[in-house]
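Presented sequentially are two complexes of chain A, the first with chain B as partner and the second with chain C.
Take a look at the complex of A and B:
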């Protein structure tokens, strides 16, 4: 797997290097209609479109990979601070030979970024400040220096043609071959490093003390990660902008974190989300003509995050709400069945069906509510309805017996084993009856020596009752069969 | 006292540790013989965790030295297994039980090398030993406190070390799990391993451990349980700090910062 990925990276690099250098800037394009723009984007005719798209996808991948490690290390703010801190470095890189040379800017920004990270470390280690204050200080002060330098450059004779303004909010269209080559290189380096040292990055993120104890040089991996982070931030700056690059680090990774419990899966998901967000940003920016790319990328990533937050299968808010809703519905349904059972029990199981009046009396509810509940159990296949009476189906009988059994077993368990007074146990049993699993029931029965009566003297349906009655009800039965059946199984038990 | 051909698993000499420039452990001298099950006990703030962290170099020692099987710790760190305190990690971290136990094998692997099939088999064995195999695929945050502690123990077992340092492995653990852990510790000792276990409960310390190390900023006593578990020594260990010692420590701390 590792070999194939390395191969893929090499092919990617070659592709970028082989691009013809005739690039026309997207901003040069004259007025065209929206559909034409969309067509031009998808045909990938223009080299500039290719650069913008490829660059955005690459930056989405490398930022979200690094961001995943920031999230699991609880260092999300570090990305924010570092992305602002590199701004003076960008300006210095430009001033080095007064042109927008990607390499010079990259080196300048990485160096200043590391200086920023070092300053955070220094403040944390030598003063009583914690990391949050140190990050706040570095973010703001480095950013201010950067803005001063930028303004200085803008005021120079050649300054307004510098293209440095693109570093603030990002313009994927402003990326040239050099920028994309740099991004491809950085992404490959990050990908290969993570693939090789995945195990080490995982253990240092999870339990650094343990890693250090077995002899791993934890600090080395920490600084290595910071260096890669600086690489990712700096190479992505031009497309997303200083202000929003931290969002591309954090948001796709945060969305992935909500969806999985494995670090490896999280990395893959984050990279996919990042690439999709990058492509969307590049597309919107191109079609909307010269709109900033960064915000669109971040909005796209934000949409993915929102989707994960609401619809994630396990931790998603909607999914959780849905599970809770179906749990509530199940409990309501079981309570209805239980009430039906108790009406039958009060009549010594002589009658076969329950009238709505009897049911309402038992539940102390209005007829409307009762009808609604009956409709629900009918829909679930637990009861058949005939005018104003309801009768159990075999399934319904079984379910009702189980719930009543759970309730009474639990009451008995609480009174006998936990020594709780008999008049205190009902409330608790009302909750527990719906969640007792078969295993727990078997254990309870064993503990209670297969007792047949609950603390209030009511019969506890045994497993034989549950099945015996289930089959009898499905066959045409004489009404007076039931109490006999119940009694006989009791004697057997 | 020390036989050079057969060095003790752990030997400390004058180990002194300062935490935030404030001394917390003074001149610890001891040699732990092979195959002992040592309980480290002492009041809160006595430096129990600090001691084992300092042994492993997780905290810098300001004086003294540590030898593990006759060599500095770094040379023999692969022969040491570690169970950190449960609170020391983020249990929401996206790893499952199996991943964590496999981490115990990392010390035996080269940097960049993936765990092999053999490592996975060892991890499965260790999970079986602590009766956590059914939970292997579960994310670690879904476990109860006792289960988390057992996962940490399984990870240490997977390290297949000769010397184990355990930081409060009984915290937040129910009685049944505690008994199961003690049994595993005893089994390790019978196989010739040496164990140092930080323990907070005096009542059970006496029955769990062969020897005890009583600590209160300095070594109060170290020896077989029946010899050192005496009212006088316990009184010295728990009967408040040495007032002058901690006052001086305070002053030094203030001066240095």
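Take a look at the complex of A and C:
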């Protein structure tokens, strides 16, 4: 909440500093070297640079704020449909008094945008067409009406129609003071509305049923959001163009969605990404002279998204791959420790170390594989190696006991509580033993009345066994429950 | 306003185009029909698979495909165009699947990210090439095309006989190909579209059919691209199948309806564009959408009439039942 308040103040400050001047196209400046261009850009001497930069930043902020709500509401393509559907509104706004008046165009486009959102809803409610078809229909039919109106306007003898085609691909450099003021107003309105109704928007976005039960008017907030969306789209249209508005709506917000689970954090992140992308687009467009702004903004946003997709700390592909890898290594390590434990157990914990032959027999593996596994546990500090024998370190002993305990507890739990035959529980326990946490183990122990033997009659190491023999390997066998009857039969541990 | 909408003159806007220079009108209407029909037939399957907006995505990403193919081969022949388009289509579908499988981003957002990003890259490459002066795709052509140009193309010659403008011939060939593919693989497409689970259990490789359909879609879109542009190609993909689905439940009837719908919308759209002096492809799409709205309204009226009739007869039935009881 406070962060967004700061953002709001920033926007208002920027507005104060924005001085009136003639709008000029950045691309008018020619015949200068690259470094000079870069200097010109960063010195912010030219009013056109200031407008373009400010406009792009504001655009990135307001689009990505709205886009975050589209993402969490699973309505990403609504942005795409509406950005095409407002086109006839732009043309009608132009026809109102035959000039490029931002306010008239804005009002016309917002009204048509709302009509489009309403049509989508109507098609979904009265026909059996699915959402995608409804969106596609609104996108295509409204856009085609817009195209017809545009071509009709172009054939008119009267009227100043320069710059109308900018709505197609956009040119941030062509933004004037009026456009920037409009963008700033829209951004402020969006920010203030989100701040005031944050809770309501959050509830209606994530759980419409709950919101209804809570007494909120879900439809009202839906259309309120559509209205704000239309605001954002229309004010951004002429900087980035019809197609790429939807990109600026969705891509920064999707990148933020990959990085956090909290809506408020997501909004702030999305706004930051959007602003960065906007600034980069304006910069590229200025330095590269005649290049359009929109595509470079979108490519910058796309780079941010790709970075989040691959390197995001929690959901990123690389970090996920890394976690998976270390999990596999951990499981392999624990399996080795378990095998060592079982060799010792078979010898009633008399011997202190395990020879490689015994280990290979236990795991049914070649000596090379066994050596490799031993090297791994040695490196992890779980065992010490002496020529052809291995002995647990205190850490290794503890870990091995834990894994065996988890395994046997789980087997017991499955046979006793889930009524699964004792010869069917081993496979499952092989998987679960690596992921049981301390809490789950305590709960299992309580449920099983602190049982000491697994379904196959083997002893379950208890906390006392795990911690009491810290440095010395000795049998965790308690005299009072020496194996009887089936205890000596060799079965799966 | 009077400047904007000229008075309608039956003689000038309807009779004259066919009596004075009929071949000009004929090629345009034919092109419109071919484009709408080919797109609509493929669109039927897209609609069934709830992939209407994947069509939107692919029709946008055809642009970077074209530019990239031009960059690689340095000329813009038909084959190169098709190759670029198919590659772009495959890449788009792959990116969409990759994003939505590998991350928690939902498929709709993945569609949006994939095609807008590719489109942005296409526009950026295009404007870069344009500044070098080596390549030119009209920016407006990308968005809404210009179908009237087909009639001005130098006709394709076979021997001494003039057959017609090359892009019309190409579109016709694509439509024939689509028809052929639908006839040959009718059953497979039907099963994979309606019940992917059943198709899988029958041993069909659904992903092969999925990518195959996407390849056909890319070809259709790139052939239509010049005439109607990226965004109106979306209209042609979505609107005719919606019209057909509104009126019928049977696959073959739907296909027939798509053909009728395309013929009507291209013919009426052509005259509308003559009257209003606006973009021909745009007018055709407006007519196509209006036809859907008509179908929508008429089915709604029909349904409400049926409901009223049914409730009447139901209450009649109750009266009779009451009378019997009495």
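For the reader, a short list of remarks on this structure follows.
As a working rule, the second predicted complex is superposed on the first by the 395 of 493 C-alpha atoms of A that agree within 3 Å, B and C clash if a C-alpha of one lies under 4 Å from a C-alpha of the other, contacts with A are read in each partner's own complex, and residues count from 1 in each chain.
Please note the rule applied: a residue touches a chain if its C-beta (ideal position, glycine included) is under 8 Å from a C-beta of that chain, and two chains touch if they have at least 3 such contacts.
For clarity, every value in this text was computed on a predicted model and none was experimentally measured.
Look at A:156: by the touch rule set out above, it reaches chain C but stays clear of chain B.
By the touch criterion stated above, A:74 is placed in contact with chain B and with chain C alike.
Of the two partner chains placed by the overlay, only chain C lies in contact with A:136; chain B stays clear of it.
Of the two partner chains placed by superposition, A:437 touches none, neither chain B nor chain C.
Contacts of A:263 after superposition on the shared chain: chain B is touched, whereas chain C is not. In the superposition on chain A, A:145 makes contact with chain C only, while chain B stays out of contact range.
In the superposition on chain A, contact is made by A:309 with chain C only, not with chain B. Once the two complexes are overlaid on the shared chain, A:212 sits against chain B while remaining clear of chain C.
Contact with neither chain B nor chain C is seen for A:457 once the two complexes are overlaid on the shared chain.
When chain B and chain C are set side by side, the one touching more residues of chain A is C. Across the superposed pair, chain B and chain C both touch chain A at residues 74, 257.
Against chain C, the residues of chain A that register as touching in their complex are 70-71, 74-77, 79-80, 84, 95, 123, 126-130, 132-133, 135-137, 139-141, 143-145, 147-153, 155-158, 165, 168-169, 242-244, 246-247, 249-251, 254, 257-258, 289-292, 294-299, 302, 305, 309, 315, 317. Within the complex formed with chain A, the residues of chain C that make contact are 1, 3-5, 47, 50-53, 55-56, 60, 99, 102-106, 108-109, 111-113, 116-117, 119-121, 123-124, 127-128, 131, 139-140, 143-144, 231-232, 234-235, 237-239, 242, 245-246, 273, 276-279, 281-283, 285-286, 288-289, 292, 296, 299-300. The touching residues of chain A, when paired with chain B in their complex, are 72, 74, 196-197, 199-200, 202-203, 205-207, 209-216, 257, 260-263, 265-266.
Remark: chain B residues 53, 56-58, 74, 77-78, 80, 82, 84, 88-90, 93-96, 99-100, 103, 106-107, 109, 111-115, 139, 155, 159, 165 touch chain A in the complex.
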